[in-house]
Structures are given as structure tokens and as C-alpha cells.
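In what follows, structures are represented as C-alpha cells.
In what comes next, chain A is part of two complexes: it sits with chain B in the first one and with chain C in the second one.
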Partner chain A sequence: MAIDAHAPPPIATGPAAWLRKHFFATWYDTIFSLVFAILIYLALKAFIGWAFVDAIWRVENKDLCTHDAGACWAVIESRGRLILFGLYPYEEQWRSTLACLAVIVTIALSCLPSFWSIRRLPILWVAGFTTFVLLMRGGFAGLELVTSEQWGGLSLTIFIFSGVFVIGMPLAVLFALARRSSLPVIAKSFGFFIDIVRSLPLLTLLFAAAVVVPLLVPDWLQGNKLMRVVIAFAIFFAAYQAEIIRAGLQSTSQGQEEAAVALGMPYWSLVIDILLPQAFRNTLPSTINQAVITFKETSIVTIIGFFEVMASGNAAIGTGEWGNQYVEVYVFLALIYFVFVFGLSRYGAWLETRMRLGHA
Partner chain B sequence: MSQIFASQKFRRIAVQGGFILGVVALIASTILVGKSNIADQGMATGFGFLEQTTGWPVNFSIIEVTGRSTYARVLWAGLLNTMLVGFLTLIFATVLGLLLALMRVSSNTLMKLVGASYVEVFRNVPVILQVFFWYAILTHLPSPKQAYTLGEAFYLSNRGIMMPAPALSGSDMAWLLVSVILAVVFLGLTRERLRLGPRWAIATGAVFIVFVVVLLTGREPDSALISTPQLKGLRFVGGITLKPEFTALLVGLTLFGASYIGEIIRGGLLSVDRGKLEAGRALGFSTFQINRLIRIPLAFRAMLPSLTNQYIWLMKGTTVGIAVGYPDYFAIVSTSINQSGQTMELLALLMGGFILINYSIGFLMNMLNDRIKLKGRS
Partner chain C sequence: MKNILTSLAVAGTMALGSVTAVQAEGQGLLDTIIERDSLLCTGHNGSYLGFAEVDGQGEWQGFDIEFCKALATAILGSPDKLQIIPVSWAQRFPSIQSGDIDVIIKVTGWTMTRDTELGLQYSRPYFIGPFYVMSKTELEAEGIADLEGGVFCVNAGTTVERVLTDYMETNGIDYEPLAFEKGEELRAAFYAGRCDAIAGFGPFLSATRVNADNPDDFEILGDVLALEPEGIVVKQGEDDLLDVINWMVSALIMAEENGVTQANVDEMKANPPTASIGRLLGSTPGVGARLGLNDDWAYNVIKTVGNYGEIYDRTVGEGSRYKLPRGLNNLWNNGGLLYPLVLD
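What follows is the complex of A and B.
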């Protein structure tokens, strides 16, 4: 007996069909849609009411910020400089702003494909970082000397982030190459070291650098606490980034390496001209992801006593007079991190799609 | 020819020998400098201090710790605190992450939107900021006298969250723990003899019976089965209290971790080949059967490695607890260093503890991976 052919399923188009497909496909979808619509409405209403409608933007007297209905953004106006600049001298804060801009421009430029070369990127970053340090520190051309003990707020966060990146990236390349080395002793030792660092919490390494290292190295090698912490952070970053680079190195075909050796290219030329450009290009999304994680983790240094943006935010509400505006300050801090992190991770996602389509 | 070979071989040996010498020299000089510095400051060395009493209190612990406890016991309490908050985080974050992933792969646009917004908000803000935020919220709640209450049983105040709990003594808890362990062993041993349903029914039933028995026998006569929190003067007695430090850390880590775990699970679900799902539909499987028999097992295999990494990350993330005063292992070690000056020994114990925890998670997850991976073909 022949089976009757079914008619083709109706192809519904138009707004009604679209609505049905996306919101009311089944009876439980309808329930979920209604419940979530109500929840979204209530959440948005509460948030917009708190943050905008009922909010107080400016006050003559801080005692006016007592009603509970809305946010009191006046705290940001009053404490914003403390949060952004920490204890940096008031008249010199324009330098701190310029220094941060220098690093932000560096980050933005390194997102442009025309800067993606193994020689341009390091030069760009070293230049950006040096500009930052010179502007922040001063002590030349009539600029007043401001030592790193007085750095704070967002500029300290940016200093730690860019310092970790500038020191950590070459270390990561070194670690990755050493772990792939054909000399078994070196490959094994670096493998062991990388695995140990990766299994420790960042905080323990930073703590060791701040507190324990002074006991273990001679005085002339100690440097200041900030420097030690940045170096320890850079080693931590390098241990993770090295594994990413190693994955990138492994994804280049063995034939290219053999061809270079057969042509008599020296090892460093093989690494710089053939292996690293491809390794970095293949792992760009993971590298950006690692940068994002590192930026968020700079907030950890607040625990070991540095006055970066997280700590200065806490200080802004710790004095008592603005003690009840903690939600506003934390939301402001979250926004600062969000802008950097969300921007970078969107860029990473865009790159990933671009690479999947074969453009990069 | 042989000369070149010999010289290359010689170079390889020389480089590696030099490397070993350099590392040994670095370690030796560190030890020498360290020893002389420690001797200069008049600090003791060795692990003898573990037997000494600490003299400082610990504000949260699941074993009894006082100022007269030894360093060894206080450190153990810290390690338990880390594992407590760590494992609870893993469980809650996985459940929440699964919900988020299901929302994001559903066909309902509103659910997708909510899931995606959650992930973007909680993933892009540092976890320490989130922990500070919850801690500030919890400590700004009203005092116990004006506490919010739910049916006079649950209270929410600036001292923490108070809730009713079964009145179990320490020995009752120990019996319960033993029965849970036995149940897990039973589940493992009967894996090939019984089906999933009966195995779980027997195991949970047995644990429940033990629970009821210890609850009925282990108490003083006439006392209540369930202890409820009651306001006595300025504080609550009875029930269990989740302190703000603990709650803030748990909530902060869970909400942050869930956003990452949700993305990992979503990636796993999306990685399942469409053809396999369509094959299931063609064979007449229901949506539920397709999910249970095809999609989830395959997705689970794909996401297990990233999930392991994320679990280890969350375990390490518990160290931010020190920022709000939760005495986790790191906080206890750092106080011990301040108090006893035994820097090197305590640092070794600190790193050893974390390496132990992380390798155990890695080991357990690898065992799970071996069990679920496709056998006999690849």
C-alpha cells in the first residue's frame, strides 16, 4: 500500500508568524514569555526609577541625600576625582588623565590590523607605556615629581594592566618557546613551573611578592612593592598566555618549520618571521580574552594594599559622610570596568567571526 | 660529519647543564639570603609552631576553633572554610549556569534576551567588586531588632540570614556524613547491576532514614525537632545563621561563576551536531528524549574540559573572601604569617593546600571524563 504523500508544511511569513515563532510557539512558551515580560518590565521600571527619575544629580548640601527612592549621583561629583585619581596631587591630575589616554590610544591602535606585526606591536606598547610612566612620574621639563606611592585610582589600575602586558607578553613568548624546546631538561622545567603557577591563586603570588620576596632577595634587588607586584602579576599572566601561544605554535604546520630549517634560516628568524606571527594570529581571540581577564583581575591588588580604582571606590564611601551611597559608587565602578571589558570582549567576538570567515 | 654531530650534542648538553646549574644557584642563593635575613630578624624556622596555640579568634568555622586552638587546627579550619564555600559555589553556579544556558539556547526571544543580559552584566564586572557590593548590601540591612522576617522563621538582618535548622548535634552530623559517604559508595558499586532509578531511590531513602533516626534519638528529650531562630536581647539564638561575610562571598562567586559556566554549557549544547538531533527526530524521539539521550550526553563530553578549568578557577577565586573578612585558607595563612612570623613554612603550606585542592578537582573531573567518553571508537 502506498503511503499518501503529506502536503508540504505551510510556510508562514509576516509579523504574526514571527511573533508566534519567537514568543508563543507552544503553550509553555506563552507562559514564559508573559512571565519574563512582566519581570523585565518590573526590573526596568525599578532601575530607571532609581537611577534616573527619582535620582538626585546635584546637591548643595550632602545631608539632602537622605531619601531612599532614588540614587544620589552627587556622590560621584563629590568623590569622582578621588575614585579616578586616588591621592595624585590635585593640580597635576591633568597628567594622570593624559597618561591614561596614552594607554587607551595604545590599546585602540593595537586593535587595528595595520599594527599587527611582530615589530610594530612591541614598539607601540613600549612607547605607550613609557609615555604613561613619564607623564605620571614627571620630574623633568618642569613637571613636578610624583612617586608611585602617590599614584592611585583608575590610573593605577591602568598602570598595573599595561605593565603586566608589557612585561608579561615577552615572558609568555619565552615560556612557550622554552616549553616546546627540544632540550628535555628545559622543556620539563618550564612545563613544571608553568603548571605550578597556573594552579595557584593570583592573590597568593601577589602576596608572596609583596611580603615574602623582601626576605629572600638581597636588598639591592628588591625594588619597590608596586614593581614586585607587577612583576609577579606579569609572571602569572605569562603562565596563562604561554599556553595560549603554545596552542598557536602547535597549530602551524610542521612543514613550515622544516622548510625554514632546510633553507638554513637561523632559529630566531624562524621564530620571529614564521612561527610567532601565525601563532598570534591564530590565537587572537583567546589572547584578547586573557587581556580581559587580566584587566578584571587587577582589582585583586586592592587586597594587598594598593589604592587602585576598586580601593579608591571603597575609600570614597568609607568616610561616613557618603557611607549610604555605596550602591551608587559600586555601580559607577562597575560601569568603569564594564566599558573596558565589554568593549574588548565585543572586539574579540567580532575578530573571531571575521577569522571564521577567513579574513584575518 | 661525526664531528658536527658531536659538537651539536655537546652544545645541547652544555646548555642544559648550564640551565640546571643556574637554577640550583638561584635556589641556593635564595635559601642562603633567606636564612640570613630570617636569622637577623630573630624569627624561628621549622614546623614546630603548628603545635603552638594561636591566641587569636576566627570568626567563622565549621569546626570548633578558639584562641587556644593550635595553628594546625586553625589552618585546618581555614582549609575547610575554603572547601565549604568553594563546593557550594560550584554546585549553585552550575545549577544557575545550566538554567542560563537553557534560556539562551531556547527559541523564546525574551528568555534569550534575559539570559544574554545576565551573562554580559555579571561576567564583565570583577568578582571582587561583586563581593564588596553584596557585602555592603548585607551589612546595611536593619539591626536584629528591626529585622525583616518571613513567617517568624526566616530573618534578614545586618548580622546575617537566620533560618530554622534541624536540631542536630556534632555526632549526629558525623553519622549523617558517614551515611552519605556510604550511599555514594553504594551508587558507585551497583553501577552495573541496577538501573539509575532504583539506585538513587535506595541511596537517598537510606540517607533519609538515617537522618530521621539521628534526629529522633540524638536529642535531649522534650527539645524541639527543628530549632528556629529567636530574638534574645540584641541577637538571635537557635537555627542557623549565614553570616554576611560568608553569604556575600557565596552569592558574589556564584552569580559571577554562573555567567561563565552558563556560556560553557551553552557552547557544549551548540556543539552537538544538528544531524544527530535531526536523526533523533526522524526516529520519532520526543523533544525530551532527544535532550536526555542525545543532546545532553554529547554536550557534556564536549564541555567537560572547560568546565574543569572553570571549577578550578572558582576554587582559586574563593581567596577574594579575605576582602570582606571571610576566614578562608588564604586569610588564615596570612594572619598566621603576621602573628607567628613563620613566613616560609606558612607560604609552603598555602601553596601546598591550593595545589592539593586543584589537583583533586582535576583528578575527579578526569575520572568523570574517562567514564563518559566514547569507548571503543573515536
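What follows is the complex of A and C.
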């Protein structure tokens, strides 16, 4: 029985065909497409009208800001520096800008694979943090001393985030390895510790670190409030991240570990050269997830009186003059968070592609 | 969550009671402040409208902040020797015990638990926290009685609800209560005209008023439903510091009573009209040494922040956006509860 040869289906090209294929293929596709097109159009029109066309941009026109008018961006002109710098002294805010840039550059550099070595990364981060603290704190070479109580805004948010990440990540690796240890005492106690930390609300941990620790610990051991808070936050982060890393470690086949031991590789070489690279690659999506969550959670430090960018935003609308412009301020804050979190997500996606290539 | 924080705070504070007693035997906090040459006073994590807010330059402003400045000026001679430490409501008591702050000036009500069990000591009230009723200007109500039969909006299950019920029952005024779960809902309903009046804590009402599209549509009535006395708080046993605080508050009130203002204080000091003004401003020596301060401390305070009335007007009263009535925070001879102590 012969099979009739059919001609290949005609391939239509061009934008019209593309549209038809993706949006108007069937009658219900057409309905959905039209309904959503109208909804999107209306939403965009309303947003653009509010945010740009009817917006009031300058403080001089502040009187025009009412509920009926568009966005009152004058609030950003008037209170923007408060949002970005918090309580940092007005004349010294250039230092906060530079310090913030220093940490951002450090983060950017450490995202480059050429910096990924046991020697380079720590040097880079020590240098980055030292620059940040020296600039922010001052108190030398004619720079006015600014104590950490006055730090605030975006640079504080970024400092807390990167501090938590940089201290928390090595801790997480340590916790994860300890929990898988063959010594029951170590494995059990670290497992117990991780479970305890995870079962406490972050807010309570931070509050205890900021407020209760100084009541119970002698002066010389207290350190500075910001430092205690970053460390407590880092331990919290590490407890979660440790479980993510442990999942990655468990996903590598037992055979690789046994082969390495059979070859006589030392433990640390086994961990650094074989286990961790695979664990990180396999858990990259969850790790990026955790980083994003941590970045957003930094706003919790406002409960213990730190003026990170969210608290500064609240302070910006916390005055009779600008109390009605909270939508504008929150949109501005959302934009700041978006830039960082979206950047982080795209970097994660890029990293995944790159690692898949290396793996193949 | 608030409960967890509060119990943590109380546990920590109580655990430290014994340690505090030991420290008190050594150097007093007043000496420590003078030695440090800086006063650590409370700010806010965000803002509390009219009382502690941040301006565009990142500087703290407000009624409570003015009292911080006044205290720094009284002890150290300059409002610049003041460090405002931002603390949240839950954080203020543990922070004073751990020494992160020297005094709490943060609309803090004088309650028995705080005064006794938390190991704190209150100054005489520097602000009488009133519960008021705010109504629409168009109703032209002079007092709460004029709103008989109207719809009164309150937050459900709060002190305010109880206070309003008590007041209305006592005074035999009929009204229609309408309760809301959240402050935002309450405000929205009031702006939308669903209520003839809302009841609340004075600072909350003035914030609600100032955030309206047109604040002049609303006015706070002078009738007081109830009050909460707000004091300045120090650690138990800091008597020297508490003396300074009490006399500083008294000096601000006395200055207003005697017409001493920021503008005329120099003249008053040079030619004191009465002997007691002379003593207050240090023209006649004695006001300082007994507190361990200079004789011109009260002069410096008034020169820096003005008298009580000037502070009130500038930050929360008629001269500000908030237009909180002077009410009970007026002088005794003006229908209020404020009076100076006797300066002999």
C-alpha cells in the first residue's frame, strides 16, 4: 500500500501571519486576545496619564497636587534625598553615594566568573566593605564622623544585604557540610540549630540582637548595633541557605564522592572541587530566590530603628506637607527594589545558561 | 508579633533590674551625659506626625524633638550636642535600660506598669494627650453636644471606642456609632462623608485632618473625651537627671506664664520685671548650681527653643499644619492643666 505524498503545509511568514498564529488562531483565541488587548490598553492609558501626562513634576507647582490630578512627582524632588540617604547628614551625602557605588561595584565584580577564586573573592569583599565603612563612618582626614545610627537609605539597604549575603553564604556552606557530617554529634547539633533558627521569626531574632543582647552581654562583647543585626540576619539567612545547599549536595551521586575518596583526595579538595560546584549549579534557582527574598526582607530592620530605604520612604511621607503623596513615594520605592531584584534575577538566568554550557 | 516583642522587652528589662541598681551606685547618668558632652534622645522609626518627623535635609523636627533640644541645651548649653537615636515603640524601654538612649521623649503615657515593673521613672507630664472629636466644618458644631444624633466613627475595640461610649453616656448625648477595623478604613470613610465626626487621640486626628484633600473642611472640637498624661522617661534611680527634666519643663511653662519669649528673653534677662523671672533667667544666681548646671541654663533653653507655648504653636498647634487645639495643654489660667513649680 503506497502512501500518498502530501505537499508540505504552506508556511506563511510576515507579521500578519505571526499575529494570526499567536493571537487569532481560533475563535476563542480571538476573543481572549481582544479582551486582554482592551484591558492592557486601558490600564496603560490610565497609568501613562497618571504618571506622565497629568503629572506635576516641580515643587513650585505643589499647589496643583490634589486627588484628581496626576502623579505628584514634586514629592520626589522635595523628599528624594531623604528617601535615598535617610538620616545621613545633608552636606556629607556625597560620601554615602560613593560608599554605595563602592559596594555595587564590588557586587558587580564578584558576579564576574574571573573573580571566582578562594583568594580573589575575599580580598575583593574586604576591600569593598572597608571602603564602604571608611567613607560612611569618616572621622579621619577631615571627614566628619558619622556614626552608624545616622546611616540610612539605599546605601544602608545595600550594605545590610551584601553583609548578610557575604557572611551568610560561607556560614551556610559550613552548616550544610556539618549537618551531613559522619560524626553524629556534629550532624545532630547543627541540624537542631538550623531547625531552631528557622522556627523563629526574623523579626524576633533581629529585635533580640539589637535590644536584648546588650542587656545580657558585657560591654566589650557587644560591638555595634548594626553589626549585631547584620550577624543575626546572616545566621538566619545561613539556616535557610544551608538547607538549599544540602539539597544540592545530596543531588550529586554518591559514586563521585566515593571515587574521590578512593583516589585519596583530601576532604577539602573533595568539597571545593567536586561537591560544591555541582551543588551550587543544581541549586542556583533556589539560591537566587533566597537572595531576592533576603533583599526584600532587609526592610524589616526598620522595627529596630534603622532608616533603610523603606523606612526613609515612610519618613518622607510622614509629614503634614507630603502625607497625601504616599502612592508616588511607594512607586518610587518599588522602582528601586525592581532595579535591584530584576538585575539579580537576570544575572541568575545568565549564570544558568553559562553553567549549562560549561556542563555540556 | 507585638506581643512577642513586648514580652521580650519586658523579660530583658526585668532581667536587668539588678544590674541597674548596681550601676546607680556609681556615676549618675547626668554626669555621664556631661562627660560624654552629648545627649542621646529618642527619634522614631519613620515619623509620628508633628511630634517626630524628618525634613528634606534629614533633620529631625517636631514637638518631642524640641523637648530633646531643650534638654540638651539645659544640660550641655547647645541643641547641637544632641543625638537623636531612631527607635520604634517596642524598642524604647529596652533601649533605655541598655543605655542606647538617655531619655525617652516619645509621647509615652504614664502608666503604673511602666512606672513600677519596668524600672522606669516619669517626669511631670510635658504633654497632656487628649482624646478629641473631629467633625466637618460645614456642620458648624461648637462642641460634641451640637452633634447629637450624628454618626460617630471610631476604631473597633480600641480605647477610643470605650472612651467615647463613656463620655456620651455620662453626658446623655444620643449618637450612632460606626466602628471600623482599620485606621485607613476609618479615615477613608470620614473623608468620604460617611461620618459626621470621628473620635481619636489628638495627634492621630490632626494627622487625619492634615492628610485630607482640603484640611479646612474638618475641625477638631475643643471638648476632651479623656486624657493620657505623657511624661519624659528615665531609668529608675536617675534622680539628678529627673530633677533637671522636671525643672526644664517647669521653666518652659513659667516662661510662658510670665511672657518670656525667644524674642524678648535677652531684654528680660537684662532687666527682669519680677524677682522670680530674674531667678529663672539667672540674673539672680542660684537656679543652676542646685541642679549641677550653669545659672543661665533656662535662659539658653528659652533662647534656643522658646517657651512652652511657642514650641507648641510651632510644631503641632496653630502655627503648624496640624492645628491641634491647645486645650488642656494650655496654662492653668487659660483653661489648661499646665502650671509651673515654685522657683524660690
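Quick notes on this structure:
Rule of thumb we're sticking to: the second predicted complex is superposed on the first by the 289 of 360 C-alpha atoms of A that agree within 3 Å, B and C clash if a C-alpha of one lies under 4 Å from a C-alpha of the other, contacts with A are read in each partner's own complex, and residues count from 1 in each chain.
Following the convention adopted for this analysis, contacts are C-beta pairs under 8 Å (C-beta built on N, C-alpha and C of every residue); 3 or more make two chains touch, one makes a residue touch a chain.
Here the structure is a predicted model, which means the values were calculated and not measured.
The superposed arrangement places chain B and chain C in clashing positions on chain A. Looking at the shared chain after the overlay, A:F85 reaches chain C, while chain B stays out of its contact range. Once the two complexes are laid over each other on the shared chain, residue contacts for A:E149 go to chain C alone; chain B is not touched.
Applying the stated contact rule after C-alpha superposition, one finds that A:F306 touches chain C and leaves chain B untouched. When both complexes are overlaid on chain A, the residue A:N314 reaches chain B and chain C alike.
Contacts of A:I196 after superposition: chain B is touched, whereas chain C is not reached. Once the two complexes are overlaid on the shared chain, A:A260 sits clear of chain B and of chain C alike. In the overlay built on the shared chain, the residue A:V341 is in contact with chain B alone; chain C does not reach it. Of the two partner chains placed by superposition, chain B and chain C are both touched by A:V212. Applying the stated contact rule after C-alpha superposition, one finds that A:A25 touches chain B and leaves chain C untouched. Here chain B runs into chain C after the superposition, and of 206-214, 260-268 or 332-340 the stretch doing so is 332-340. Within chain A, the residues touching chain B in one complex and chain C in the other are 201, 203-204, 207-208, 211-212, 215-216, 302-303, 314, 324. Interface of chain C with chain A (complex): residues 1, 4-5, 8-9, 11-13, 15-16, 19, 43, 45-50, 53-60, 83-88, 90-91, 94-95, 97-100, 207, 210-211, 213, 320-322.
Interface of chain A with chain C (complex): residues 66-67, 78-79, 81-82, 85-90, 147, 149, 152, 201, 203-204, 207-208, 210-212, 214-216, 225, 302-307, 311, 314-316, 318-321, 323-324. Within the complex formed with chain B, the chain A residues making contact are 21-23, 25, 29, 32-33, 36-37, 39-40, 183-186, 189, 196, 199-204, 207-208, 211-212, 215-218, 296-297, 299-300, 302-303, 310, 314, 317, 324, 326-327, 330, 333-334, 337-338, 341-342, 345. Considering their complex, residues 12, 15-16, 19-20, 23, 30, 33-34, 37-38, 107-111, 113-114, 120-121, 124-129, 132-133, 136-137, 140, 312, 316-317, 319-320, 322-323, 330, 334, 337, 343-344, 347, 350-351, 354-355, 358-359 of chain B touch chain A.
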